[in-house]
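Listed after this line are the structures, all set down as structure tokens.
Next come two complexes, and both contain subunit A; in the first it sits with subunit B, in the second with subunit C.
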Partner chain A sequence: MFSYNFTYELKLLVRNKWLPMLSLLLLISFTFATYNGNYRTQKRVEQIASIESKVLEKDANMLKLLDSVEKGMEVKTSFRRIPNTPMAIGYQHPRAVTMSPNSMSAIAIGQSDIFSDAIMPITVDDDFSIDFTEMTSSVQLLFGSFDLTFVIIYLLPLLIIAFSYNILSAEKERGALRLLASQPISIYKWIFQKMILRFFWLGIIMIIALVISFLISGINLFQIQFISLTGLILVYMLFWFSLSFFINLVGGSSAKNAAYLIGLWVFFVLLVPSSINQIANSTYPTPSRNNLVNTMRTLKVAVSKKQDTVLDHFLRHHPELVAKRGSEDYGFWHKYMASMDMVAVEIDSLFSLYDEQLKGQQDYVNKWIWLSPSLVINKEMNRISGNSTADYQNFKNQALSFSRHWRNHLIFMLYSQLPFTTKDYDTLPKFTYKPLELKGIGMRIAIQFILCILIGLLGIYMFKKRLKKGHAILNN
Partner chain B sequence: MIRKTIIKELKEIFRDGRFKFSALLVIILIAVAIVIGSNQYKNTNKQYEISQNSERNVWENQGAKNPHSAAHFGTYVFKPKNALALLDQGVDKYEGISIFLEAHSRNEAQYSAAGDQTELSRFGELTSDFILLYVIPLLIIIIGYNSFTKEKEGGTYVLLKSQGISNLKLAIAKLIAVYIPVFIICSVLFLTAGIVLSSLSNYSAFSWDKLLSLYLTYLLYYLVFAQIVLLISTSTKRSGISLVSALSFWILSCFIAPKIAANMAEIKYPYPTKQEFITSLEEAKKGGLSGHNPWSKEAKKLEAKLLKEYNVRHVSELPFNFSGYIMQKGEEHEAEVYFKAYGKLKEQFSNQANTYKSIAFISPFLPTRFLSMGIAGTDYESHMSFAEAAEDYRIQTQKFLNDNNMNNSKYGERGYKADASFWKTLPKFNYTAPTLDVILKQQNTNMAVLVLWVFISGLLLFISTKKI
Partner chain C sequence: MITTTNLTKKYGDFTALNNLNLDIKPGEIYCLLGANGAGKSTTINLLLNFIQPTSGTALINNIDVTRQPLETKKYLAYIPENLMLYPSLTALENLDYFSGIAGKSLNKNTMESFLEEAGLQKEAFNKKIKAFSKGMRQKVGIAIALAKDAKLLLLDEPTSGLDPKAGNEFGMLLKNLKLKGVAILMATHDIFRAKEIATHIGIMKHGVLKHQFKANDLSLAELEKHYLETMNY
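What follows is the complex of A and B.
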């Protein structure tokens, strides 16, 4: 019976143009989405390359100038620009602190349109003044991008719904169910076979569309993340097929089924995510940024009024920086960096509150994420792409810690009254981004798979219960 | 006959379980959105007042100081929250809320709410605009998808025709019946919002005209949807197909079209990345005058010109302090550089806006979205208007400070400090949002496109009734 069903179904699909239409739709949307993702990735790669090459070029000029100064030659540059002091280096020759997109970055724009992946902190920058936001038109941020994540989370379920909402009801409405009932197969087994076949064909089409869109955008297919991605999409598809199977078994007319399934779509894709987001934001509200500004400003005024004691205070806390030659050599920069340090210490606890609240939100979301498979897939795809909030938070932390390291390195030279020489160039701190580890995707897929089976079993159970009650399938 | 049909349709709609369920859901969502929104509004506004006063306090009490030190110390301005943001948050959460105004640099607004939230916030929030723009159209679909198909499937269409009603009258009656529930929900929502907003204190920014225009915009938007849903219902034979087609239209116009438009706009008219923008600004500033570099070619040129004009041999003989003068000239040059760079950015945005408009023919959502956030004062243009006002204020402040330096200190004098009371004489920053007619003028294309949608969908519905 299975092979009959298989051939019949295939003939049906090919004849009513569903398969070619679905293939075309999937292919176009996958290709366009991957193209968009790849476009952004390329733009980022180019930006990072350009920044890094500019830094190298600037460094080369700086070294040349420094060499001339060291050899006692006359240079035309204004004295402020001569790179022979640690502060001139720290102020005018910042390092490029960048996070290169990974090989799967094109699958999800994620947060890459909000946050920048390249900053150049200078010594007078503190954690407060480094801006990590990217310059994107806010309308674009509002609408979001047509990327692969969008296609898979929003559109793919709709295609599945359109492809399977009326498997049983159409037969009923067409009157073919009576014919079928005369065949030696149980109704749910028959629907199950039909569903599995449709899942099988759509799965194959999806994989082909994915491969083609990757090839067109020139993304490497031979990587483990590609398999993870395919697994995630397949299990997400299976979730929607199992819902559809359930509704087919317990639902009624085609229109009713469609309405129920769309209701579920609205629930899982729109309502659950926005509700969880709303609750997370209300439970862990971000403290007012304006308040932070006010506090920081008040502190700065207070510190600037204590200018004469600031340096003493600073050196008391940093005895390692006390110069051997005595305090009479301390100038503008010494005082400036000392005041900065004082403000930073005071404001640190307030500042870390933002990260704590964000972490609170993130943990809350992670706790409730299983309420909607769309959220699970969204999270995993963002993780694979390396563009999730966690990735940008990771970059931010590493960048800030580098910025502090850079500042301290030069402050040490400043207080030790050391000049900056060509020999010191090689000892300047360098930044390398360490990406987050990608673990646990297989587990997620397995949990989702079990969820699908449970939905299917629940459908069969409810269907059988109805049969027992003497509910005639053919008549309702 | 029209009246009877309307009454019968309404009875059917109000009896339908799906309508009851979804209408209830919409009402709950609206209540949640208004409660959350008005609380958020109250807090934000309170904080805004506090911040503004605190910052002014900091500025006024910075003590005796060199005016240029004060210029570097700078000042912050804060963006007020617009009253109608309660109904449409627009791009507010993606734009910064405070701008640091300092010497030599025009800074971007900092601290967007989205920057402090998880990636989930990109899925959307339970705000009024989410309900107005996405959920209510869905409600229209649920009410109207089977308006005609149920008559065809149930065989009642022939009975109806035997009563002597024309197809057009039938369509008009059904349209009115589908529209009435939505009209009621929408009116209640806007009335509630109006009452909430006008009762909150310090709601100076709230105006009933704007609320009314917003209300009319949404009524037109829903009319388009009602007409299209009926159009689909007249043109299909089965309710299932009608529902799936209407939903496809909803998804295409509310979800897919905006994203496609956004990507096309980005690819065709890309924004520079932040680092690119910073680098290009540095390049543009490089060759020009800078108050901190009196040795540059440009500075020497200016010096020579001044010496000739005042007929003196050295800048110290000028009737004012040359350092203050060159600082101001440098500031003017830098302001010009920023003006040009932001001008380019604005041009790029208006090109992007045109791309959005060109996609609006497949989506009534797009013109409504822009019109709505325009009127609510939460669109990009509103943000730019604030940022530009802040920049004007920055330029004024710099002149105010440099003039003090120029007229009160001597050339080469070290340690000049302006009196501690001087800072109080700087005028306060004042920003008023654009009025309704300015906004409507800005939005005339979007208004025209929306009205066009009403006419075309109405016309198509009219034509389709001939072929039922």
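What follows is the complex of A and C.
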């Protein structure tokens, strides 16, 4: 039976213009979405490159100036801007802290349109970290830009529904099912083969469209992430085909089937994600951002008013920084940095509130994510793209810890009353972003696959019951 | 070839078929006459296992229809009232597909000879079914039955909607099949065609088989009289 179904299903799909139409649709939407994602990725790459080159350029000028000063030459720069003190470096010559997009960044814009991936923390404060407080759960990001993830999560299921909702009901309504059912074949096996064949052809079309769209956007195909991505899309397609198989077996007329499947689409793609998101947000509300900014300012003002006591306090906590030459050598920067340290301690506890709430939201989403394969696949695609919430959080943490490291490095020089020389330039801390490890995708695919099999088996079980009642073949 | 014993189908309080006993042997054409709702189609649906009997048994080639439905379907061919095939496939392709999924691979020459035997004109072999009349589609249906080498043919109102010439051609085809030893059960309203081709005739009303005759035992006029009398009481 299979070879005949294979041959004639292909003939029918070609003659009914299904295959050419699907190929065109997928090709256009994939190419446009990938182009869109890649365009943004390129913009990010350019932005990061420009920041990095600016830093290099400034560094080169700074070294020249420093060299002249060290050689005792006269320079025209105002004494505040001469980079021979650690604070001048910390204030005027920040390092570039950047997160370069990975090779698959184009597939999901993720959080990248909300958060910066290139910052230049200066020694005086951690204000850049406010930029990260608006970070939200991945669910919110479902309703995002027109990237490949959007096409896969939202549009592909609709195509699959249109392609498969009436495999059995159309035969029933045309009257061909009676002739088929009088053959010595199991009808559910026959539908199963038709489904598998349609899945097969759509899968082939999808892979070709993916390859072409990647080639057009110049994304490398020979990487393990490409295989992971293909696997994820295929198993997501299989999920919708298995739902359609189920509805074909237990549903009624074509119109009913279409309504059921659209209902399922709304449920899995819209309702479940937005409900989880709503509940997560109201259970773990993010504190007001304005509040945070105000508290931060008030703290700074309060602390700067009592810089003398602050300095004493600071030195008691950092005895290693106590100058050997006596307290009269402490100047503006010593006091200021000590007060900033105090602000940082206070701010950290505020930030940890954000982090806790955010973690609460994310844990909640992770706890219920299995309710919708759309969520699971969306999350995995975001992870592959390196633009997920987790990736930006990881970047934020690395940036913050680098910023502290950078500051401590310079503060130590400040309190040790050390000047900044050309030799110290090479010992300045440098930032390199360490991306999160990408693992567990195979497991996710396997779980989704098992889910598809269960849906199929349930459909067959219910169909056999309907066969016994005589509802399956006849129009009643 | 077909044996039913007290075959009964009830839908709640309504009895669609009541204690039907039939015995149709190879080479016989049994015509079931009766008004709409008399139980003719129910009988055929039961024999195809599309519905399950409330009580009684149906055997095809001595195999129980409800217990081994797929086994019994190897021996039968069915032509529904409005035979629908795949409109965008040609006659040959439809024949190839339906024989193929039933497990018979045939070469092109064999298939053409079946279509020819079924009376389809040669120029239609490679035309898409969508342009076919009901009579032409039925010929493809007969070709499918021939290709399957069916021992039993189930027909539900096959001649309704056919013009007299097509109806006559169809009758001739059935007679040929009869000579080959095929058992045929045909549900019909067409008393004249039934008298012409049947070996046995049964008249049904309200799910009950009221009368059975051998077709040769009575004239068309007598058959019509019996039919009308049965319907009136």
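Please note the rule applied: the second predicted complex is superposed on the first by the 447 of 476 C-alpha atoms of A that agree within 3 Å, B and C clash if a C-alpha of one lies under 4 Å from a C-alpha of the other, contacts with A are read in each partner's own complex, and residues count from 1 in each chain.
Note that in this section contacts are C-beta pairs under 8 Å (C-beta built on N, C-alpha and C of every residue); 3 or more make two chains touch, one makes a residue touch a chain.
Predicted model only: the values in this text are computed from it and were never measured.
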Which partner does A:Leu454 contact after superposing on A: first (subunit B), second (subunit C), both, neither?
-> neither
Decide which partner touches more residues of subunit A, taking subunit B and subunit C as the two options.
-> B
Please work out whether A:Ala446 is in contact with subunit B alone, subunit C alone, both, or neither, and reply first, second, both or neither.
-> neither
Once the structures are superposed on A, label A:Ile207 by its partner contacts, choosing first (subunit B), second (subunit C), both or neither.
-> neither
Which partner does A:Ala60 contact after superposing on A: first (subunit B), second (subunit C), both, neither?
-> neither
Considering only the touch criterion stated at the top, classify A:Ile28 as touching first (subunit B), second (subunit C), both, or neither.
-> neither
Could you tell me if A:Leu221 is touching subunit B, subunit C, both of them or neither one (first, second, both, neither)?
-> neither
In the superposed arrangement, does A:Val75 touch subunit B (first), subunit C (second), both or neither?
-> neither
Who does A:Tyr8 touch here: subunit B (first), subunit C (second), both, or neither?
-> second
Overlap of the subunit B and subunit C footprints on subunit A, residue-wise?
-> none
Per the touch rule above, subunit A residues touching subunit B in the complex are 32, 36, 39, 43-44, 47, 50-51, 54, 78, 110-111, 114-116, 118-120, 131-146, 150, 154-155, 158, 162, 165-166, 169, 173, 253-255, 257-259, 262, 266, 270, 273-278, 280-282, 286, 288-291, 293-294, 297-298, 300-301, 304-305, 354, 357-358, 361-362, 365, 375, 378-379, 382, 388-389
Contact set on subunit B toward subunit A in their complex | 18, 32, 36, 43, 47-48, 50-51, 54-55, 58, 61-63, 73, 76, 78, 90-91, 94-98, 108, 110-126, 130, 134, 138, 142, 145-146, 149, 238-240, 242-244, 247-248, 251, 255-256, 258-263, 265-267, 270-277, 279, 293, 295, 349, 352-353, 356, 379-380, 383
Subunit C-touching residues of subunit A, taken from the complex the two chains share = 1, 3-5, 8, 11-12, 15-16, 174-176, 178-186, 190, 468-470, 473-474
Sites on subunit C touched by subunit A in the complex | 45, 48, 50-52, 70-71, 73-74, 76-78, 80, 82-86, 88-89, 93, 96-98, 100-103, 141, 144, 154
